[in-house]
Amino acid sequence: MNLHEFQSKELLAARGVAVPRGSVCYDPLETLIAARRLKCDIVVLKAQVHSGGRGKAGGVAVMSLEEDIRGKASEILGKRLVTNQTGPQGKPVSALLVEEVLQVDKEIYLGVVLDRKTGKVTIMASPAGGMDIEEIAKTQPEKIYTIAVDPLRGLTGYQARALAYRLTDDNGIAGQISHVITTLYQIFVSYDCSLAEINPLVISGDKVYALDAKINLDDHALFRHPEMELWRDRSQEDQLELSARKDGLSYIKLDGDIGCIVNGAGLAMATLDLISLHGGSPANFLDVGGGASEQVVADAMSILLDDRRVKAVFINIFGGILRCDVLARGVIKALKQNRVELPVIVRIEGTNIEEGRRLFEESQLPIRMIGSLDDAARIVVETAKGLKTAG
Amino acid sequence: MNLHEFQSKELLAARGVAVPRGSVCYDPLETLIAARRLKCDIVVLKAQVHSGGRGKAGGVAVMSLEEDIRGKASEILGKRLVTNQTGPQGKPVSALLVEEVLQVDKEIYLGVVLDRKTGKVTIMASPAGGMDIEEIAKTQPEKIYTIAVDPLRGLTGYQARALAYRLTDDNGIAGQISHVITTLYQIFVSYDCSLAEINPLVISGDKVYALDAKINLDDHALFRHPEMELWRDRSQEDQLELSARKDGLSYIKLDGDIGCIVNGAGLAMATLDLISLHGGSPANFLDVGGGASEQVVADAMSILLDDRRVKAVFINIFGGILRCDVLARGVIKALKQNRVELPVIVRIEGTNIEEGRRLFEESQLPIRMIGSLDDAARIVVETAKGLKTAG
Amino acid sequence: MAILVNRNSRVICQGITGRNGKFHSLACKAYGTNMVGGVTPGKQGESVDGIPVFNTVLNAVNETGADTSLIFIPAAHAKEPILEAVDAGIKVIVCITEGIPPLDTASALHTVREEGRYLIGPNTPGIISPPEKCKVGIMPGYIHSPGPVGVVSRSGTLTYEVVDQLTKHGLGQSTCLGLGGDPVVGMSFVDVLKLFQEDPETEAVVLIGEIGGSAEEEAAEFIKSGGFTKPAAAYIAGRLAPPGKRMGHAGAIISGGTGTAHEKIKALEAAGVTVVENITRVGEVMRDLLAQSAR
Amino acid sequence: MAILVNRNSRVICQGITGRNGKFHSLACKAYGTNMVGGVTPGKQGESVDGIPVFNTVLNAVNETGADTSLIFIPAAHAKEPILEAVDAGIKVIVCITEGIPPLDTASALHTVREEGRYLIGPNTPGIISPPEKCKVGIMPGYIHSPGPVGVVSRSGTLTYEVVDQLTKHGLGQSTCLGLGGDPVVGMSFVDVLKLFQEDPETEAVVLIGEIGGSAEEEAAEFIKSGGFTKPAAAYIAGRLAPPGKRMGHAGAIISGGTGTAHEKIKALEAAGVTVVENITRVGEVMRDLLAQSAR
């Protein structure tokens, strides 16, 4: 679950990290009033969407109070912002963060992440913060300083302090940075984050401010933080993805016309690669995972069939913990309930395969069972294209 | 800081550990009413004092409702209870815990302590709980099971469970005991205890109850638990000890007539041993510790001089972190302020000794400086006895 | 021989009385695995179709000499069972559970490594050695056959896909192992390649990776440096996956790259690994590789 | 030679800009200790009468090659500086601070032991080696003199008392070390006796114990088992201390006894240690012991 910039800043500010003065607005007039209330010459309007690359996409505007702030806010609010990360459909902008613009003497990068390789929470910092940080990481890796935190001992004060003194020589600034590092780390572990990042953390005169912040919570640990559900912005999430998650499914929306049910993220990606190799294009992926029950499979099918772009359904399952008979019962149930006319291509293997095959064969539904995965992928692509199939 | 039995039980009960039904009473009539309200045939009255050995000292009474509960309560309440641990002055009883008497099928011992040797929080349990547990520990050590908890990982559920299954074969009981173990451990670490003990933990039918509990908090970590000061029962602590602690001093009251100021617990004990070897008897010990300032030393002297039993004062200091000149100034200040007529024997050595000696010598007060510790101890004993000294 | 498990492995199942624990314990036993016990607190003395149940892993180890454990415990409570297995002396821990909070896994993994044990997973199908008739996991046993190919994979179902092909091409497997699909898992490609290198029965390896992280790049680095010298084929899933919903820079900074399929494929090819584009061609490619190396 | 510290020790003081840190750093330097630096966050670049101050222990170690640290940090914050010293590679850590919450000490001690370092204290006067002119602590230096007697003690001021006597009896000291008066401390009697046994310059040892705990009993056991074979005298403080305000049984159970002076004296005498009843006679007794062993 991702937090908005303003939510991330709220978490930081509540723990004593300085952020620019500002407020969240949902309406152009409110935006103008909020900008005036800041009593500074220049303000920034920032679209609150769950995506990076907002600046280049026109979601961030630095304006003087002389300019038409209300007009600019109307331009952004209520629209969908299309960035290089959102896909062509973009993300709706329902909130604008209006903030004072601070003098920036130096930009620092701070990030906390769980390092897959070491299995340790790792704090990264660089005196060369800002938009080009990934480039810096590649070309000047010596400018990225890291701390791998001992999982049992946690971050110690002196580790934060030592890191801060690598970013500045100024004692007062180092003390503030050290506090920001500790706070960001504590937020990361206490909310089970998958990412906690401040970029840039700016030095402005003798103070340090979090100018932008991104905090994402790990979905697998949300059960420990039920209160954070209140901060979920459903408008930023695909409705089908949401209803899939409710059933313990994983749903990914794409741009094509083949609806896919698979089990496992790896098989999903391989199926996508294979359909593409055959010249087709999936409309979506529904990963029913390992422990799905008959009902969950049926629900998955129903979600998939809701998508009107789907011209053919591809079921590609290699059952391990998910048993083929359970899958077959769920699919048959959904097809019967939804009275679907769409062509369904099924390729299943794995645990309880015979029983699964028998159920499909006896179901008397318009289902084609194909043994070879490569053939199955080819056929579903051809079917979706409305061509006669060779099989 | 020690907690009363009823306070310890409150901490446990708040975390879901079952304790006998009961209430704390401060008055004989209240005691009778509380006993009747329990609606059971037999109740127990337990004097709430900071001392073990209450039972043998008459501080615990098991009574039927037919008996004169109010009378018994009058006998105990408001008196001083003298146990084998309180010294002859005893401890005042201002509260009685009135409880139902449960059927006891089995008595278990549970204790949590920080093991000095390993430096680990250690949980001890025995299926042979009750009053003879120390004897069991000596004669049948195989009946004491222990867990040394990893300081970084903490107590795990399976450790508690495994210990519980060593105490009982019954699944339901084991689950309850496992919860009690975990709770007692959590109380120990979250309140920085020096001791957390349930003895006995009883099995009564299909339930487990903490029949008696002792929880002591470590004084050095009380700063982390300021709310616990509300639970301090000052009546159980010596008033002079209390006022000494306020000044960062350590005061121990004894039965003799020599007032002693020392630095360090070891030197205090050695001084006591030495005075005793010479046939004397200290009235008290004031340990001014290491970091004492001139004012703290002066306050220490004033506390000591408040004790009317003191016939001679013995100052035995070997200065390390405490500097002899600081000590001398404090002592001189107190003697001048209090216009004391008592004989003062001083034996000092250590850091800034020359300056200390000079200050005493120039003070024109009735102070005798003795170089040899053995001589000094002998002389102070003789002085207190009113004999002429050989020195 | 095989890696990590074999016909002498003494296997217990933590969570054996649950639905999945029971189903798969019996499936493992039916495959030939020496299932010596199971653990469910409070059920000591019961048995699951002949497999005795214990209250604690320590009891199970003391009574049965178990050295390997298969864990089926709900994600919210799966951290402690891993630690319990370590404390009781279990050497190889296979954690099937999916969706354990990553910080829990990380914390348990720290102890696993300190104590020098092997953790496979979490979120893994497990490990199987067909020549040893030992399966510790949830993979469908019948698709496997004994032979010279080692399989190591980040994806569960893709492993089945590949193993099925290998078997249909007459290429049996020495050991197949799923690393697990969670962000933090125990064993890595490099750890497994080290063992395959030492295993005389393994003649070639299939490596199945996917986008994200840098485990494949590390494997490539290890192979390039001479740590693994047998023939290897690889498939990387997600070549055409849509641009991720990645936010922030931290992931890219820490892995020194963005973890794309392109980067991984480039690294593996540079290390001399044959990378297959179409998942359904892995069997053929491996057949050719083995034929070449036999010449 | 001496144990733990010597003329080559490179010593820093954590908390050097505080009142006590400064006073005793300078006293150590005046005694002859090689004080190479101090640490106070935010004061890097300053100096305390010529001793350079650093922001972190790591900086101090990198710049000065320090291997020994003297800690003067208030009790509520003393845990982290110990860990900081360990992490920075300091070998011998002397923690003067009194009254650290015992669970904090226990937690830091765990890491100290894992990393194989020496922690002296907390609540110790420190360590001094007169022949090496090295003092890392708060003891008054002038009472010491170089010689063959090792002194190890649980009590600060009692150590001074004994050292003063030894010196007045013409018996110099090889190394004197206070274990610290807190419930949980780093080094134990046994740890120190092992080092004294190996130190050729130490010919005999004075052991100063007190009531409570079981450290003296463990020392007796160690001596009895042949781990320490040089002449030893002991004094146990608290023979006549009033019955403690002990509550509960846990302390007695865990130590297997009640930690009385009587029990300790019995154990030490059984191990062949000469136990002295009057603290003012320790010097004479040690003189006689050395004379005997010289014969």
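First chain written, first letter: the chains are A, B, C and D, and each begins at residue 1.
The rule is short, and it goes like this: contacts are C-beta pairs under 8 Å (C-beta built on N, C-alpha and C of every residue); 3 or more make two chains touch, one makes a residue touch a chain.
Quick caveat: nothing in here was measured; it's all calculated off a predicted structure.
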* Looking at CA centres, what chain is most distant from chain D? -> A
* Return the chain pair with more inter-chain C-beta contacts, choosing between A-D and A-C. => A-C
* Structure fact -> Per the C-alpha centroid definition, the whole-Å distance linking chain A and chain B comes out as 57
* Structure fact -> Cα centre of chain A to Cα centre of chain C, whole Å, reads 27
* To do: Could you put a whole-Å number on the gap between the CA centroids of chain C and chain D?
  => 51
* Asked: So which stretches of chain C touch two or more other chains?
  -> none
* Quick one: which residues in chain B touch 2 or more of the other chains? => 152-153
* May I ask you to sort the chain touch graph into line, ring, star, complete or other? => other
* Okay, what are all the chain pairs that touch? -> A-B, A-C, A-D, B-C, B-D
* To do: Name, in rising order, each residue of chain C that touches chain B in their complex.
  => 41-44, 55-59, 80-81, 83-84, 87, 111
* Complex interface listing, chain A residues touching chain C -> 2, 50-52, 84-85, 87, 109, 111-117, 119-122, 124, 133-134, 137-138, 141, 144, 146, 150-152, 189, 192, 194-195, 197, 199, 214, 216, 218, 220-221, 223-224, 252, 254, 262-267, 269-270, 272-274, 276-277, 289-291, 317-321, 349-351, 353, 372-374
* Using the touch rule from the top, collect the residues of chain B that touch chain A in their complex. => 152-153
* Residues of chain A touching chain D in the complex -> 153, 156-159, 161-162, 165, 171, 174-175
* Along chain D, where are the residues that touch chain B in the complex? -> 20, 24, 27, 75-76, 96, 98-107, 109-110, 113, 125, 138-140, 143, 153-158, 160-161, 164, 181, 183-185, 188, 208, 210-211, 213-215, 218, 235, 237-258, 277-280
